[in-house]
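Here come two complexes built around subunit A, the first alongside subunit B, the second alongside subunit C.
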Partner chain A sequence: MDTAQQEKPAPTTESPQPTLSVRGLEVNFRVEGGTATAVGGVSFDVFPGEVLGIVGESGSGKSVTALSLLRLIPDPPGKIAAGEIILQGTNLLELPYDKMRDVRGNQIAMIFQEPMTALNPVFTIGMQVMETVLTHEKVTRTEARARAISMLDAVGIPDAAKRLGDYPHQFSGGMRQRVMIAMALVCHPTILIADEPTTALDVTTQAQILELMLELKEKQAGASIILITHDLAVVAETCQRVIVMYGGKVQEVGTVEQLFHAPQHPYTKGLLASLPASAEQATKQKRLYTIPGNVPSIMELPVGCKFCTRCADVTDRCRAEEPSLHELSSGQLVRCHLLEEAAGG
Partner chain B sequence: MKPEKHLSPFRLRLRRFRRMKRGYYSFVLLIGTYLLSFFLPFIMSNRAIIVRHEGSYYFPAAKTYFYDTFGFGSENIHLSTVFNQLADDGLPRQGEADYRQLKRELAEQTDTGNFAILPPIPYHPNEGFLKLEGAPPHSPSAEHWFGTDDRARDILVRLAYGYRISISFALMVTGVAYTFGILAGAILGFYGRWIDIIGQRLVEIWGAIPFLYTVIILSAIFSPSFLLLSSILSAFGWMGITYYIRGEFYREKSKDYVAAAIATGENNLTIIVRHILPNALTPVITFAPFAIVATIVSLVSLDFLGFGLPAPTASWGELLKQAKADVKVWHMVVFPLGAMFVTLQLVVFIGEAVREAFDPKVFSRLR
Partner chain C sequence: MGEPLLEVQDLVVRYPIWGGVLRHKVAEVHAVDGVSFTVHQGETLGLVGESGCGKTTVGKAICNLLRDTAPGVHVEGKVLFHTKNGAVDLLALSRRAMRPYRSEVQVIFQDPFSSLNPRMTVQEIVERPLKIHTKDNRKERRQRVASLLDRVGLQPEYATRYPHEFSGGQRQRIGIARALAVRPQIIIADEPVSALDVSVQSQVINLLQDLQEEFGLTYLFIAHDLSIVYHISNRIAVMYLGNIVEVGTAENVYRAPAHPYSRALLSAVPQPNPTAAREKRIALNGEIPSPLNKPTGCSFHPRCPIAKSECAAELPTLQPKESGQMAACPHT
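Now for the complex of A and B:
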C-alpha cells in the first residue's frame, strides 16, 4: 500500500496556492462483517477560480469524498479515518463541531442531487435562503430578506420578490435547483461542492443550471467549484481539471483536454470509449462499448490495482501490488503499473 | 382548482379540512360550546348576574366566577346580610344569598327600581333540590329539564359543568402527553443509535407499569384532584406517540433537505425543531382527536369506578355510576350517555375530517 501523504499535488499552471488541499483522505464504513474503505487515501487540491471535476462510476467514492469535505459523513457507520482537509490553512478535520458549523454554508457550500427533496416542504423558499444568511451573519431579517431577493434574482428566479413567499411544491425541478444554488451561494462561499447537480434535471435545464453556476462563480473572485458527476459531457463542458476515481482511489488527474484527447489510465480510456459516438462513427461501430464486469463491492476490493479485475491489459504485478500515483511527462497523474513501466522502466 | 399563491402545505390541509362540512362544523360546535362553557356561571348558576339593591349594583356571579375560575379574591362575601334576607325559620339568613328568592322579592317592589337578573338556568351544579315533591332522583320537569340525580341535583347543569371538565381534562392530558411524547420521540429518532436503543427500552419499561393500579395506589395516598389525575394520565399517555414521531424522524432525517440544513451549518436544535418537526407532525395531528376521545372516556371510566375526581365535582362518570345503580331511572341513563355519545361523536367527526385532510393520496399522482 502506498503512502498517500507522499503523493505530490497535481501540477498546475494556475496560482500555486490552493484554496483547499486534501491529503491522504481515508473514509471507512463499518458494515456487517468488517470495515469497508469507501475512500482510500485521496489527495487533491482545489485552486482559486477553477472548476474541478470528480468523475467515476457509482460506488467509486466520489460522493463520499465530497461529503467528507464538509464532515457530513454519517458517523457511525462512517468514519474519516485518516487524512487532512486544509481550507486556507486550517485543517477542517481538527476543528471542533461548532467551528465546523461556521464553515458549512459559509465557506464551503453544497448543492444536492435531488432538488425535489432537498428543499424543506414546509418553508417558503425565501425563508430557506434567508436562513443560511441568518445562521452565518449578524444581519437583521430585513437585510437577510433583501439578500435573499437579490440572490434569487441572480439565480434567475423571475419576480423574485414576489416568489419569496412561495413553497417548494409551487416550483419545478429546475427552479428548485436554482433555489438550492441560491441557498448555497448566498453567503459567498469560497468553495461550492455540487454533487450531481444536474442528474435529476431535464437535458435542457441541465445546461442552464451549469451555465448559471459558472456565471455566478465568475462574479466572485477566487471561488471554486467541485463538480461531482458521472456525466462526462458535463465535465467536458464545465471543468478545467478532472479527477477520475475508481474503487475509492484517484486513478488519473489531468486537464480536461488531456483527459478527453489523451486519456492514459485504462479505466479512463474505457470510460471514454463507452460514450455514444457521433453519427458517422456510429455507422462503423455497431455496439456501444462497455467496460466488462462491474465495480467491485467496497467490501471486496482487490489487493493490487483496484481496476485489475476489469482491465484488459492486466498483469500479475497489477493483481499483487497497488501502483502509486505518478506523474507522466504530459503532467497528468496516473495510477497504473503499465504506464509507469513504459515511462520510466 | 387554480393553485393559489403563498399556501403552505399546512394551510392547504387546513383549507381541505374546512371544506369537509361535517368535520368542520363539528369542530366549530365543539370549540364554540367549550369556549362558552367558561362562562357557565353566567348561564347556569344560582348566583345573580346583576342585582340592584337600594341604589347599589352587585355582581355576585362575576365575583364567584373570578373567584372560582381565576383564583382572584381570598374571601367570598355573602350578600345575604346586605339584602336582609330571612331564612325559612324567620331568622336572618346565613351564608350564600338565595338569589331566586331575592328575584321574586325584588320583583314585587316595583317602585324602588331594585331588580335581580339571574342566569337563564338558575341552578348550581352542587345544589340539591330536596324540597321538590317526591324522592330524588326526580323525573324531568319544566324546571329541571333533564331531571335530578339521587341527591336532587339538576342533571342538565351537572352535565354542562361536567362537559367543561371533561374537555379541559382531555385537552390538557393530550397536550401534556403529546408534548412529552413528541420530545422523547424526536430525541430518539434524531440521535438514534444507543440513545434510541436505551431510550426505547426505558419507554417500554415505563409502558409496562399497570396504569389502573398506579391510579388506585396514588388515589389512596393523595386525594385525587384534577391536577393529580391529569398528571397520572399524561404520564401514562405519552408512550404511544413516541413511536410515531421516532419513525417519522428516522424517515425525514434521511431526506436531502436535512442534509442541506446540516450543510448550511445549522445546529441540531434548529434542525430538529424547525426543519424536521413540522414535517413529522402529521401522525400527531391526525391522532390527536382520537386521543382526546380516549382521554374523555378514561376520565369517565375513572369517575365511574370511583377513582376519579373527588365529590362533589360534576362529572359524567359519576352520573353514569348512579345510572348503573338504578337502570330503571331512564333519565339518568339517557341524558349522561347521550351527552357522552354526542360529544365523542363530534370529536370523531373532527378526527375523520382531519385524517382525510392530511391524506397525502390527494397530492399523489397515483391513486
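Now for the complex of A and C:
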C-alpha cells in the first residue's frame, strides 16, 4: 500500500509521545484463488492513558488489526504483509518469536469476545491467572498465588481465595469475563486490547464489566485501552478517541464528541443515523434510516473507495480511485473524495 | 388496539435436568413460571429480558415446539389462538391437529446461519411450507416464491442459490420470506436482528414494519436490545427469571418504567451520545440467579435496590400503576 506509509497519524489530543504506533499495517489472507486483504494499510497511535475505540462491522478488519498487534494472526493462511507496530521504540514485527512472547500478556494484553472459549476448560482459573505471572516475572508460586488472589478480588470475584481452585465452567459468563480481565491485567500491561469484551454479555453485566475496565485503567498511570466493538453506544460511553473502519481501511478518526455530534464520512453518518432513537429523543421515528446494500466481503471489495458501493453521493472518481486519509479543519481525519474536494475548494 | 389474537394464560415450563448413572431426573429448571399476556390483532408486542429469563422458551411454547425438541419437558397453562370460530388452545392439540395452525403462527429465528438448511436451495427453503400447507402446484409455488423473494428485497434469480452464498442480512430475508409464504397471522420473531451488522439491522427492521402494514401481521418480537424493541413495539413486556415483571405501552415502559428491574435494565443500556447528561446508572448487585434455584418471593429481591423484608416471602402479582402500565412490585 503506497499511500499508507505517508499517511498522517491520528491527531494528538493527549501527550505527544504515543505508547503504540501502528504504521501502514497490511494483513493478507491466502484464500482459494488468491489473496484477500483484510487490513489494507492502517495507521494509528495510542497515547498514554486514553481509551481508543475501533468500530466497524463484520469484515471491516478491526479484529484482524487487534490480533496483528500481538502477532496472533494464524500464519498460514494469514500474513502481516507490511507495516510497523512500534511499542515504546521497538518494532514488534521485527522481534524474534521468544521476545514477542515477553510482550504478550506483559506489555500488551488482550481480552477476547467469548469468555466461554477463551479460557482453558481443563485448568483451574487460579492456574490460568498464575501462569501469566509465572511466565513473565521471577516470582515464587506462593507470590504468584497471592497476586492471582488479589487480582481476582480486584475484578470483583467474591471469595477469590476459595474460587481459585474452580474450573471455568463453574463461572457465569460475566464472571468468566472478569477472570479474563484478571488474567489480562495481572502483569500490569501498558496496553489492554479488548476485542468485543461485552458482546456476549447481558446489558446489566455489560455495564458492570465496562465500568470495571475503566476503573482498573485509572489505577495504573499511563495505561491505555484499545476497545474494539461494533456497538456505537458502548464507544460513546467509554472512549475518548474513535477510529471507524470499513473494508479494511480507516475511514474516519476523531474524538468521540466529533464523531457522534459532527460525523463527516458518509459511512459514519449513515451508521449513526440508522440507530433507533435513544431515550433522550422525545419521540420515536417512524422508520429507521438505512444504508442500502450489504457489507461487502473482503473477497469482493471495490477498487476505489471501499464504501462506494453503498454511498449515496458516489461519483465516478470514488469508484476509480481510493481516497487518502486527510485532515479536516476540525482535526478529524476522513477518507472521502467529496470532503477533500470541499475542503480544498 | 385490535381484538385479542393470541392469549397466553399461566404458562409454566419446566425443563428436567438428568443426572446420575441411570440418567434420572435430578432437578427441574423453572424456565417460565406462570406467564400470562395477550397479543392483539395487528400489534407488535415486545418481549424483553436478559439471557435465561425465559423469553425464548415462551416463544417456543407458543408454537408448540417444546414437546418435540425437549424430552421430558413439563408444559402447563394455555395458549389460546383466536380464530373466527372461537379460541383454540394450541398446547392441547396433537401434532396432527396442530398442523393447520402452524401456517397461522410462524417463526423467524435469531441465527440466520443455522436456521436455513445448507443443503437446500433458497427455492426449496421458501417453497417447503407451501408444499406442506397448500395444494399449489409446482408452477404456482414457483411464482409465489419469486414474488416473496421480490417482496423481501432479494432478486428472484437467487432462488437457485444455497444459503452459504448469502450474507447474514440476506439470509434473514430468506427466513422472513419462508415465514411469510403461508400467509400467517402472527409471526414470532426471536431476536431476528441481533446477529446482524448495525447497517443491515435497520434494513431488516424497516422490512418487518413494512410487511406488517402490508399484510396486517401481528408480531411477538423477542429481543434483548431495548432500543430496538422500543422502536418496533406498541407494547412491551419485561421478563425476569421466568416471570413478567412489567407490561405496558412502549412509551410507558421505556420512558417511565415502574418495576425496579426494568429501571435498572434501562439505565444499563448505553446511549450513543457521549455528552448526554445521564442519570446515575442503577448498579445491580451480583448476577441473575440460576433458574435452577430461584429466590423465594419476588425473584428480583436479592438484587433489588429497594427490597424490603416482605419481598422474600411473597410473590408479587402484576398490578396497575399510575403511569398506566402493570408492574409486579408493590413498592413503586
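Operating definition for what follows: the second predicted complex is superposed on the first by the 336 of 345 C-alpha atoms of A that agree within 3 Å, B and C clash if a C-alpha of one lies under 4 Å from a C-alpha of the other, contacts with A are read in each partner's own complex, and residues count from 1 in each chain.
The rule we apply is simple: a contact is a pair of C-beta atoms (placed from the backbone, for glycine too) under 8 Å apart; a residue touches a chain by one contact, two chains touch by 3 or more.
Model, not experiment: these values are computed from the prediction.
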*Please tell me, clash or fit, for subunit B and subunit C sharing subunit A in the overlay.*
fit
*asked:* For the three-chain arrangement built by superposition, which of subunit B and subunit C touches the greater number of subunit A residues?
replied: C
*Quick one: classify A:236 as touching subunit B (first), subunit C (second), both or neither.*
second
_Centroid geometry (CA): angle subunit B/subunit A/subunit C, rounded to a multiple of 10 degrees_ = 80
*asked:* Between subunit B and subunit C, once the two complexes are placed on the common chain, what is the minimum CA to CA distance in Å?
replied: 6
*State which residues of subunit A lie in both footprints, the one left by subunit B and the one left by subunit C.*
none
_Show me the residue ranges of subunit A that touch subunit B in the complex, using the header's touch definition._
70, 72, 76, 101-106, 109-110, 112-114, 117-124, 131-132, 135-136, 165-167, 169-170, 180, 183
*Where on subunit B does subunit A make contact in their complex?*
3, 5-10, 193, 255-257, 259-267, 270, 275, 278-279
*Where on subunit C is subunit A touching in the complex?*
50-51, 167-170, 197-203, 205-206, 209, 224, 226-228, 230-231, 250, 254-255, 264-266, 268-276, 281, 283-284, 287-288
*Complex contacts: residues of subunit A adjacent to subunit C*: 57-58, 172-175, 202-208, 210, 230-234, 236-237, 256-257, 260-261, 270-272, 274-280, 284-285, 287-292, 294-295, 297, 310
